[in-house]
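After this come two complexes, each holding subunit A, first together with subunit B and then together with subunit C.
== the complex of A and B ==
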């Protein structure tokens, strides 16, 4: 039960690459790492989930929290590289309709 | 002879035996002695002092430097003694906390208790098993005056005690809803406003809300981001997902919830569940929907409660009896 979080900042855009499992044990770590980037004005945060092997509802809660925080600061959130299983999770919860979600990983920079 | 003298004698005896002929027996005795000293709360520094007194008695000709070195050892061991006592007091506090949580868990059971309604045409079964002491899953039934039955199943995201507290809030807002707003879509819209305003912004709720009308045997349902249930058609022996789209509670206060309906024939079964059921992990990976359906099908001829219990047993076995997530399964089976 581990997660790795790699953060790259370029101008206004923050790209986070996650790998591992997002559950009740690792979610607090993700929240603490990612939250500060969502609190800047008009931040653009891209999160690459292609290395995520498991995510439960606690993990989903973190993304909703990030989404809300970015919205409150006129920022944007984009999730990329979702596996079918993750895609289903966002579909079921209705989040796919309000969040920017893409199954493909981001090409280039 | 006081306690210290008795311990001293005993220790001296062990020491003497060992110095004399280094037997296993003496080592064994010293292990026993050490357990006894812990039991009687003898601190590490006291042990050193006991050792010094004993050895001075047994071997009066020891070099002075060796004896002096024991004084330093004694000083050094003092911190160990303190750490040990701290550990003991933390253990006491931990035991107290465990007791408190047990009380809270049983209170949760009482507060959130729900009666499975009895109506002639419908057989209802439910099972809910928490992964930890306090569950984040919740289900609730309401019997209406017109004979209809409301059922709700929810998963509070964010587990443990905060989730449990949040659940009580949900339960009381459901119970205090007027009898004329039983429509699942309305129920979710109201709850969504309650959750959006009152709950910690990092906490969310998925909920499936249903209403069974025995007059026309129709099941009305809406979902707020909850795991879809299954519908079993008795005539064809097939299963179908109870698809319903809707946003999680607590994300957007203007969210609307579509209502869906399904005609229920005799023998048809409605299965509602939490994601602890579908996200069940086995040694080989995730539980596949087909596997889950196969288990349900195996027991579909049983009574509603038996189906719930048996499916739980199967999945518990698959997971090696280690639940990773709370597990809730509700079965509604039309019998007449």
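== the complex of A and C ==
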């Protein structure tokens, strides 16, 4: 019932690999860890969600926040490795049309 | 309708206990015969309800959230009660819905919880007294139709 966040930085790109559950308990930790990477100019952030076993609206809220921050700094956010469950959550909330999400782990464009 | 069996949990109004509640719910729902997909929906709806109770009812104060599970032959009723300070459900509800505007400016970071509850559960009712009590019902697959048919035939 926890979350692990692994961050790798290469040039302008930041790749975060998440594993565990994203709920109201773990979301603040995720937001705090990820947010600074979205504030750099033209940053490219890729978040791998293939290890995420549970997520609800608090998780969606974090990704919306990161997305907005990156947009404000001319950066991009890509969410990859979404399970069918996670994909559905983005679909029913309408976020799938707005954000760049991909079921493939490597995020093949 | 009185449930055949009733299980109740009382947790401190803290987000760290959300996971424990989901585990309990999984056990109950799987015992009742809900599918994997539906159990995942139930977990989200219940977590959203408890998150609301924890975040809106108690702002940094100690409190308790009561979660009741009514086990019926054809449906599960999940009741979440904060019995503390209430947030305005109807006022909150007005601003709910899927994201339709494609501009990032209009994205709301909160407010999605209640929308998900309504989308993922079959019936949702709210009682507002001293606190907020949310009643959520989920039918076992296909049971709702069967139940209606039964009412007609008798």
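Throughout what follows, the second predicted complex is superposed on the first by the 106 of 109 C-alpha atoms of A that agree within 3 Å, B and C clash if a C-alpha of one lies under 4 Å from a C-alpha of the other, contacts with A are read in each partner's own complex, and residues count from 1 in each chain.
As a working rule, a contact is a pair of C-beta atoms (placed from the backbone, for glycine too) under 8 Å apart; a residue touches a chain by one contact, two chains touch by 3 or more.
Everything numeric here is computed off the predicted structure, so don't read it as measured data.
*Asks:* For A:68, using the defined touch cut-off, is the partner it touches subunit B, subunit C, both, or neither? Pick first, second, both or neither.
*Replies:* both
*Asks:* Examine A:7 and indicate which partner it touches, taking first as subunit B and second as subunit C; both and neither are also allowed.
*Replies:* After superposition on chain A, A:7 lies in contact with neither partner.
*Asks:* Considering only touches as defined above, state whether A:21 meets subunit B (first), subunit C (second), both or neither.
*Replies:* The answer is second: A:21 touches subunit C but not subunit B.
*Asks:* Please work out whether A:95 is in contact with subunit B alone, subunit C alone, both, or neither, and reply first, second, both or neither.
*Replies:* A:95 contacts both subunit B and subunit C.
*Asks:* Between subunit B and subunit C, which residues of subunit A are contacted by each of them?
*Replies:* 24, 54, 56-58, 60-61, 64-65, 67-68, 85, 92-95, 97-98
*Asks:* If you look only at subunit C, which of its residues touch subunit A in the complex?
*Replies:* Contacts found on subunit C: 15-16, 18-20, 22, 40, 43-44, 47-48, 51, 54-55, 98-100, 102, 104, 107-110, 112-113, 115-116, 119.
*Asks:* Residue numbers of subunit A touching subunit C in their complex, please.
*Replies:* 1, 21, 23-25, 54, 56-58, 60-61, 64-65, 67-68, 71, 85, 89, 92-95, 97-98
*Asks:* For subunit B, which residues are in contact with subunit A within the complex?
*Replies:* 155, 157-159, 201-204, 206, 224-228, 245-248, 251-252, 255, 275, 279, 281, 286, 325
*Asks:* Could you please specify the touching residues of subunit A with respect to subunit B in the complex?
*Replies:* My answer: residues 24, 31, 54, 56-58, 60-62, 64-65, 67-68, 85, 92-95, 97-98.
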